[in-house]
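These are the structures, in structure tokens.
In what comes next, chain A is part of two complexes: it sits with chain B in the first one and with chain C in the second one.
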Partner chain A sequence: MKHSQTLAATAALAAIAFILPEIAMASGEEVVSILEGAPKPSRGDYPVIAGISARTIAWSLAQMHLFLAAFVLAVPLFAISTEMMGVITKDDRYDTMSREFMKITMAAYSLTALVGGGLLLALLVFYPHLMGYMIKVFRGQMLIYAALFGLESITLYIYFYSWDALRRGNRKWFHMSIGLVLNTVGLTLMFVANAWTSFMMSPSGVDAAGAITGTVWEATRNPLWNPLNLHRFLANIAYGGAIVGGYAAYMFLAEKRAEAKAHYDWMGYTSNFIAIIGFLPLPFAGYWLMAEIYAYSQQMGITAMGGILAWLFIIQAVLIGTIMLAANYYLWSGLMRTDRGAEYAKYVKYIAVVIVGGFLVWVTPHSLVLTPSELQVLGGTNHKVLGPLGIMPAKNTAVNLMLVMTFLSFQMFYRSSRVATVSWAKQGNMVIIALYVIGIANIVGAGIYGYFTPTVYKVGASVPQVTTTLMIIVASVVIDVLMLRGAKTEKVHWGRMSERSQYALFVLPVAFTWLMGLMGYIRSSLRTNWHIYTIMKDNSSEAYIPTIGEAGNTITAITLGFMAIMVFVFWLSRLGATKQSEPKQEASS
Partner chain B sequence: MLGNKWVVFVVALVVWAAFFYSMDKFIMEYQGLPVGADMMPV
Partner chain C sequence: MTFLKTMGFSIVAMFLFAAFSNILPQVQSDAPVEEEIPTDGFDMAGMIAYGERLFTGKGTCTLCHNDLGRAPDLLVMNLSTAFNDRLADPRNEGVSAGGEGASDVEAYLRESLVDPSAYVVEGFGKKGSNDTISPMPAVDAPPIELNEVELNAVIAFLQDGAGWDPTVPLPSAEEAVIEEEPEEVESAEPETDPLVVLDNVYCAGCHDLEGSEADVGPNLDDIGTRMTQGEIIEAILYPNAIIADGYEADYMPEDFGEQMHTVELMVLVDYLINLSN
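For the complex of A and B:
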């Protein structure tokens, strides 16, 4: 694409972006009660087509769309960050990697739109009353969504295809500004879609019968909108990082050339770093979302964490524990890239003990599902020793310690290639060690404190735990940055990595996908037999919470489907870079 | 430069302990949960 064409296209985009808020304002001003209330469809009003399970179809398509959308929205977010890193450090590797990130996104983008279209059709066919009502509540916003989607497509294509044309000098800044527009549009798209989802859980801008009483903005700004926005934003970063990490592992294993292996090893490390950066604050965003769910409706909160869905949180713990173990294992394996890495290897076993211990605490249920004879032997549903580990103070302590240890694994690798040269290096190390000792004691202490105080204090004490974890990370980074200024750097042998470690990188996207499917199901099921909580009842034949086994099978099938798509996308990206060799000249010619 | 590393370690332990204690107290009180009125039977 020529520079002038790019400029013209960007100017057109800017004009559209300028007009969009006008449309949004117009839709917001239309404050009229246009409905008596939400529709009340009877069972006969739900179309039944060839005995197909409407819920399973909508569930699968919605989840698949979310997986793909999370990925294609997240990758440009960190692609622009790594592109910026390339400009700051003047290291071309960042730029090449950013472009490669986008290449994978391009392959997945059309699939996102395809599945999104499929979801819309499925909803219109199987749930026409619900969709009719939602369109009336959100009015012009749905058109804005469509316009934004068009804008997203245009900016995405320009951003990717103009990469080499706008690679150096001032043109690079222009290119990054296109990326900024792309990300702004992408995030806005997500926030709009989140408003519809969160409206179904915590409707606002309507009265108790569902009659529209407020503006579109009031319906958008419902109680769970922002907690969901933050949670999805962070989760998307972590998820996108994990998937491109899987791609890097795929390429690392497929490539034979040492140079290419070094590149994909570095890409895998960076992707894992991005995934962990997104993942570290995620439990806290999840905690906020859950707290807001409780604040909005205690019944909804108890359904999640005290009812049938509570058991799924145990599976969640298993998956998060798997992610932690895999990410840490990958980091420990990375110590072999540096000659000084072996010096740090002796500490790995202690970190492993904390992570495995934390994992075991996290998966310990508070009460057990038992047969009458087991109940008799145990003397109740709570185990005398392990039962106390099933409540939140123990789990909060476990997760915070696991996060601190994961950060420590990162720090060890970072330091393994740097030798501090400042005169106060030994003292600086002591300050960091003291920080870890006291910080960990504070996290454990706040956990124990929760056992001796009323519930309100128990919940309140989780905040200092989180803050302590963040303080350990921030203070360590600050001291490290100061201490390692002018440090003697040692060579990192990128590519000197075991093949086994690459399978840990594969574990991450699989576990993340499963986890998102599981938690998405829990969040959606909180509405129980309501399409829109307390406003519009689901009267279809499938208005019940499926058994854990049925839900688990459906989530697993969707996960497998998505992973198959991802392998296809990876293969496609590799195929695009493969060139057939020149035909050999015939000896006779 | 800053003295014996073990002296620094002990001082750092005390300083961090004071810091985290103050932080905990501030956060709990900010949430309307004054420390001292908390040790009630569960």
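For the complex of A and C:
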């Protein structure tokens, strides 16, 4: 048994070692002589099949594939981290939970592949010219992708099924190396797929007509590749955390046994933590992505932020606000779990005010689109009173305050089960309070400064705000860790949670999925009527950017499909754990 | 049971999101459509008006050239001094382009459009490029893709804006088929019946038109006797540029340019001119 596993893992490692240089090598030698450029299909060249909307099909399949893949790639990333936690803390709960994480992943994995295959087929059928061209540009990379996918399957299965066999001692380390291989392959897969998407937005390695001038590596390393990689990496973690949180909430609600409820409560708490850890840096990764889009093409950047798509950022704000509120509500409910929680609960209302206030500032649109008659009444497209709240400095201030408050909610729960015993506890608390007060003042101050400076410097004003937010978080974590070392810990009554809090936890996967669908729509729309921006035009009858409502409906339909799959998976895994009891002896009656 | 409860809950949440996206303003951004616009009939005034239309429409120039400091605000600044300054600037010798600098305004403008980095206005270069690389895309290349006639029209518009007579050639019949700009309109197909267009934009709500007797704006029945084609286009696209005597500014909506296709604008203006004949 052990031999075959060692063999498989070594083979996997060897294959990676073999394949990675292959990708890199593509940069060296290949000089290809495809000089005719990108194809220019005319409207008639797009296959029309029974009046089906090709774009809706491709859109739905791509989005569904992305949801599933994001989840399947993300979970092993933190499963291995929690597995590690288990080894370090010697707390078996972590290990059990990590395995449970993987169990949900396994159920979703085959669907990911299935939908991925469907997507490929749909693209080949409906967009043969585009796909033909992409295959030429990326040459062997697509085959490598397929090979990597196979490898991913193998390692995933080994990682999951060997869990109990390799649970203790040295074998545990071996098991974790398999997990490492799995994650390496998974990330590589995502990076390769990202290269294709980002190439379509910011093509490189080809000339203005689309003729291939560079290597596969040059096409891969296009301007938006890395920003997209980082953004998706973080988003995946947050997303994966949100979904397993949804799983835990589901199980919590379904379970009757106190001990099982306690387990799923703890799992929900940890998942929520993971989701927020992934979520906190996301706005900043978003800034970077946006900045790179501007740098690549100011035109594209302004299309996103100032044009027709600007309204979508209002919806984005609503969704992120929903996520923040739900996550915070969940955290506040968690104060019920400790006996000293009530001491902190009195601060909740202030945090709530800041979060709701920040949320409102965030959704205030900058310019309101009005009908002529409304225009006459208001006298302009900017609201006199609300106008200043709609601009960037106000929004940045709001988002930073919301992040700080979310962190504070965490910190309160963490502290509610610990009583500091160090001599300088009092001073330490003062320092933390000062940190918050000065930090918040600084964030607000920078926001006001940003409001009064010319546009070009407004962006600059957001940098100190972000730095302050991170400072508060890092510094208070450090102080807390030092101060609560050897603290008197009090019992946390896991499972002492309201049902309502579990629904708050369940909002996260729903809102996250919808949000990702929305961002996918925005990202694709940035290309306007181009398959590959500036290189290959979309001449199909569906080359327009749909209205927000139409997009919203499509996204809802896809999200609905995805949530149905997920809840079904949750239901299945409960079913799988249920054993029918042996039939009673006839004689007993 | 939990299955149904959680699923029901998810559905409610999703429908709220969907409902929200449906109450926001709905705009569909269409891809450019090939349309036949007979530009060969244009006089210079028509070219200038057309250039203005391109400037805010297909050219997407106002995306950057506005009052946000991203690029020189061409609609507001004093163009004649600015352009003369550029020509006199020693950097205009074509240093970065490795050739001779533009020698007259038309050449300078054409160079600004098709080779923006040849001369970069001080302080506007890409970050870190020390004003050697312009963030402005070459407008004759994708994604903007202005053709020769359109370039000329934009140049005519800018020359006119500087108070000079445009020096660009008028379009000849062969070049007459031009591409329409991307529009943000509700319907994909442009209307060609002026009455339908009028119904959609409802000018008669404010103007006395064919007996509507509205008096927020001037009478339009005889507009053809008072204004030329170019002036009417201007009055529709930029209502606040010139205010009609005895009427107030800021009442006439400024977004008719976005509400109508160029074709629609053209048939509407033709219709208005013919009304008074």
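In the analysis below, the second predicted complex is superposed on the first by the 561 of 589 C-alpha atoms of A that agree within 3 Å, B and C clash if a C-alpha of one lies under 4 Å from a C-alpha of the other, contacts with A are read in each partner's own complex, and residues count from 1 in each chain.
Note that contacts are C-beta pairs under 8 Å (C-beta built on N, C-alpha and C of every residue); 3 or more make two chains touch, one makes a residue touch a chain.
No experiment lies behind these values; they were computed from the predicted model shown.
Shared-chain residue A:M563: touches chain C; no touch with chain B.
After overlaying the two complexes on the shared chain, residue contacts for A:V463 are found with chain B alone; chain C is out of touch.
In the superposition on chain A, A:G549 makes contact with chain C only, not with chain B. Residue contacts after overlaying the shared chain place A:F506 against chain C, while chain B stays out of touching range. Touched residues of chain A, counted separately for chain B and chain C, are more numerous for C.
Contacts of A:M471 after superposition on the shared chain: chain B is touched, whereas chain C is not. When the two structures are aligned on the shared chain, A:L319 is found in touch with chain C, with no touch to chain B. By the touch criterion defined above, A:I433 lies against chain B but remains apart from chain C after alignment on the C-alpha atoms of chain A.
Comparing the two complexes, residues 454, 456 of chain A contact chain B in one case and chain C in the other. Listing the residues of chain B that touch chain A in their complex gives 1-3, 5-6, 8-9, 12-13, 15-17, 20, 23-24, 27-28, 31, 33, 38-40, 42. Against chain C, in their complex, chain A makes its touches with residues 208, 246, 249-250, 253-254, 295, 297-299, 302-303, 306-308, 311, 314-315, 318-319, 369, 372, 375-376, 379-380, 454-456, 503, 506-507, 510-511, 514, 528-530, 533-535, 537-538, 543-553, 555-556, 559-560, 563-564, 567, 570-571. Residue ranges on chain C touching chain A, taken from their complex, read 1-3, 5-7, 9-11, 13-15, 17-18, 20-22, 24-32, 60, 63-64, 68-70, 126-127, 135-137, 141-144, 182, 184, 188, 250-251, 253.
Within the complex formed with chain B, the chain A residues making contact are 423-424, 426-427, 429-431, 433-435, 437-439, 441-442, 446, 451-454, 456-457, 460-461, 463-464, 467-468, 471.
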